[in-house]
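In the two complexes below, chain A is the common chain; its partner is chain B in one and chain C in the other.
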Partner chain A sequence: MNGQPMDKVRRKVLACAAATAGLVLAPGVTLLAAQGADSKKRWGLLIDASKCAKDCEVCVVACRDENGWSGHQRPATDPQWIRKVNLRDPATGFTWSLPVMCQHCTSPPCVDVCPTGASFKRADGIVLVDKHICIGCRYCMMACPYKGRSFVHEKITNQKPYAPRGMGTVESCTMCVHRIDAGGVPACVEACASQGGGAIISGDLNDPSGDIAREAAKYGVGRIRSDLGLEPGVLYRGAPL
Partner chain B sequence: MIRSGIILVFLAVFLAGPPASSAEQGGVPFPVLAKAQGEKCVAPAEDMRRNHGDYLLHQRDETARLGIRGGKYSLKKCIECHASPDAEAAGAATVRPFCAACHDYAAVSINCFECHTPKASGGNPKP
Partner chain C sequence: MSRTIALREIKGRSRGYWLGLGGLALLAGSAVAATFYIEHNGLHVTGMNNQIAWGMPHVISIFLILAGAGAFNVAAFSAVFGRTVHAPLARLSGLLAAALLFGGLSVVMLDLGGPQRLLVAMSNFNFKSTLASNILRYIGFLIAVTAFLWTLMEPRMNRYSRGAGVVAMLLGLSVSTGIGLVFGFLVAREAYDSAVMAPMFVAMSSSFGLAVFILVLAGACSWTGRPLGGFIVGRLRNLLGIFAAVVLYFTTVQHLAGLYATEHHGVERFILMEGGVHTFLFWAGQVMVGGILPLFLVYSPSARKSRRALLAAAAMVIIGGLSQLYVIIIGGQAYPLVLFPGMEVSSSFFDGAVNPYTPTLPETVLSLGGAAIAFLIVAVAMKFLRFLPETLADAALDPHYRPPSED
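What follows is the complex of A and B.
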């Protein structure tokens, strides 16, 4: 192999393959790149704690209605895709309120521990559970430091057509992937803007001209437990994280 | 000997006539499928009868994992087109009777509808 290391040769072959993928096969016939989750994008949320009212649960209600995860009034076992967390600084007595959901980590521990590959990160950064192959072992729930995932303990009927859910599988915030794929925004973002304080914005973290990048550059943002190095896609501002 | 046996079986099958006559001859009745609402299925009926499971399995992975939406073999579209009144769902239009017609007949147990809703959008409208 001309004395080249094997991985370099392999890379060349791959580059060749990539170049041919877009070739014109015949006049009028081209190999189109498959559509779907775009790896150039990195979907995320930015939550402004200063606009989030302590007693407001609009985002939680909107998520529940959108994805149909209303429970059985049993808080210990009911699924919970998003919840409000109130924080208090004991030194000053100042309080914050934040919605917390799956943080859509860049290095998600739930994906690392999944024994079947059901827990996965899409090319555009959205972390999901493929319930077709989830065996309900709940390792991911143990691994998640944000308590983002829930287990479905009971038989479910009347699911939403775009949000399948079933007993024996783990689930969490999907960042309303059905809306994102249709060019929309998550239900919590929409509801917070129309009925809440407009505290949540969604967008592509990789887009330097996007709302999130602009706000992040202007105000500075934090991530929950950034010391863990998981690089969540959910950013917070206005809270001492 | 074996060869002539096979030919005999073939002849017997052909002489027995089309399968529709099975019930008339005292055999097990063939499943009766409800008429679909659409004009035409995404593929010929013979193809769909044999391969719908593979098509759905392939597309489910593309949609769930790669985010490729709007494929040809969509479970949602099956549900919309093949929904009929379902006693199990209090008369709401679901795809269950259509699926069950053959799957019960062939003792196939599928679990799509443990997670996916079998209801057509009329029964569960998108907000």
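What follows is the complex of A and C.
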């Protein structure tokens, strides 16, 4: 021991151990200090079907461009984070057209059934997929009542850094979480307001003075398959629900 | 039982044995190659897509896992319920249970793209997920069956075989229940969302497992020249008849419940009348070939005494079982999700449309590879360990056996 007393050696060993532990734990401490999703908020969308034109797809195009999920001209396997659904009442012949995407349920079945916890709901209600631990079992696609999810069938190149994707994993609308976290609005909302009929608004469902709460109180809104009790965060007005 | 029946390895030196082994190995290797092909070219080379997310690999893997859990019933009859007549068959029953389960899990692994994904699944658990808890059930069942086989094969451990058998039997029951609940808990889809799925899958498991067991036992005895008497065959025949009838009963209950609730009339009309291949597989495959004909072959006085009739009945139960799982898994997804009840619906994502599915060669080979792996394990294990009784002749098994009189 180079002639050093035992106590000094012990102290050195302990100091090294403490320094190593500090280096290992420091990033975690930093993470803990970072701001997470705000549980007081409940992000959601309100879609007014009466303002949504049948042949308008600007929300779909904007989402595709924003998140980079363009397909391979194979409709059965190409992903669709958002799609326009056309409805017709067979009794009256009345028609509607409205966008449908992940409904960001309060009690999401995809989160319940996911074996690894890859499907998860943030504290502010946004439902996402952790691509690192998604094993591609597709049980969430079986469980989602809204056809909200797609499976990535091909290798992905040139993906957006804020919307990671990967072959063999499942994906869906993220409500443009990168924009929301930066204080913005989802791409579909922005595009619909500027190029479409202004049919989609986004906001905090818990905010009683927010746009969505005001509209909901004034006109009444509904949720797709509200009978399932999943309490989606996407509300619809003027749709046959 | 008049005397203790010895168990002995099969010789496994014949040309047929090695050819069979080579064929199975080739199929298993082809399955691995198919996985690489799919992973390399993209998953669109399978027939599965965003509408039919679970396809042929899921049909075959669930069949194998269910059959594995059900194949243990014969061992359970002897080890747990003390039916000594089944005792010589307990080892083969346990071997088949473990091998079929392993084969089924291999298909799951290949479909997911490799073993690394199973590692992720085993290190990240969502305990509310039926799939996640099923992984624990599968592993538990495999361990319990292996332990059970050890207690049978190691004389010092024989006294623990009953306990190990009870644990394995309960875990097997839990495996088939768990698979039923994978579908039963899916409230979103009209074809599922029913508690009857759990007991129906238990019955299916027993039926499929026994059918595979009967064919493997008859094949092994025939190829190795070991006697298989009418006494044990009669027991297995009666059991197969009971299991097939129970599956038919639960199928009836499942569809009667659907026909009673107006909201399910659409999916019932689809499966029972207008579903094309699904309707055909339901009536011709599941009900007729998998239910009514086996019951006729098992219980009709004219066919009762025929060994071939029993083997045909077992083969039919397997064909019917595959049809049933195809109708449940593929048919349940082919029928469109109902987002807007009462409305006519269309979209670029196939809302409101019946979803077609055609399995491609790579996914079919990948799926059949699981069965090949299972039977490869059985064939190799029987060569090196004592799984197969030397004789199952009536004289050795039937306590009331009397040799035929000479006059």
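Quick note on the criterion: the second predicted complex is superposed on the first by the 207 of 241 C-alpha atoms of A that agree within 3 Å, B and C clash if a C-alpha of one lies under 4 Å from a C-alpha of the other, contacts with A are read in each partner's own complex, and residues count from 1 in each chain.
To be clear about the criterion, a contact is a pair of C-beta atoms (placed from the backbone, for glycine too) under 8 Å apart; a residue touches a chain by one contact, two chains touch by 3 or more.
Source: prediction; values computed, not measured.
Student: Should A:Ala37 be classified as contacting the first partner (chain B), the second (chain C), both, or neither?
Tutor: first
Student: For A:Gly222, is the partner it touches chain B (first), chain C (second), both, or none of the two (neither)?
Tutor: neither
Student: Is A:Met167 contacted by the first partner chain B, the second partner chain C, both or neither?
Tutor: Once the two structures are laid over each other on A, A:Met167 reaches both partners.
Student: Touching A:Ala123 in the superposition: chain B (first), chain C (second), both, neither?
Tutor: first
Student: What's your read, chain B or chain C touching more residues of chain A?
Tutor: C
Student: Applying the touch criterion given at the start, work out whether A:Gly71 contacts chain B, chain C, both or neither, answering first, second, both or neither.
Tutor: Neither partner.
Student: Residues on chain A in contact with chain B in one complex and with chain C in the other?
Tutor: Touching chain B and chain C on chain A: residues 155, 167.
Student: Considering the complex alone, what residue numbers of chain A touch chain C?
Tutor: 72, 74-80, 83-90, 100, 109, 111-118, 133, 135-139, 141-147, 149-155, 167-168, 224-225, 228, 239-241
Student: Where on chain A is chain B touching in the complex?
Tutor: Its residues touching chain B are 34-37, 65-66, 120, 122-124, 128, 130-132, 155-162, 164-167, 169, 177, 181-182.
Student: Note which residues of chain C are touching chain A in the complex, please.
Tutor: Within the complex, chain C contacts chain A at residues 39, 42-44, 49-51, 53-54, 112-113, 117-118, 120-121, 124-126, 128-132, 135, 182, 185-189, 333, 337-340, 342-351.
Student: Could you pull out which chain B residues touch chain A in their complex?
Tutor: 60-62, 64-69, 76, 79, 114-117, 119, 121, 124, 126-127
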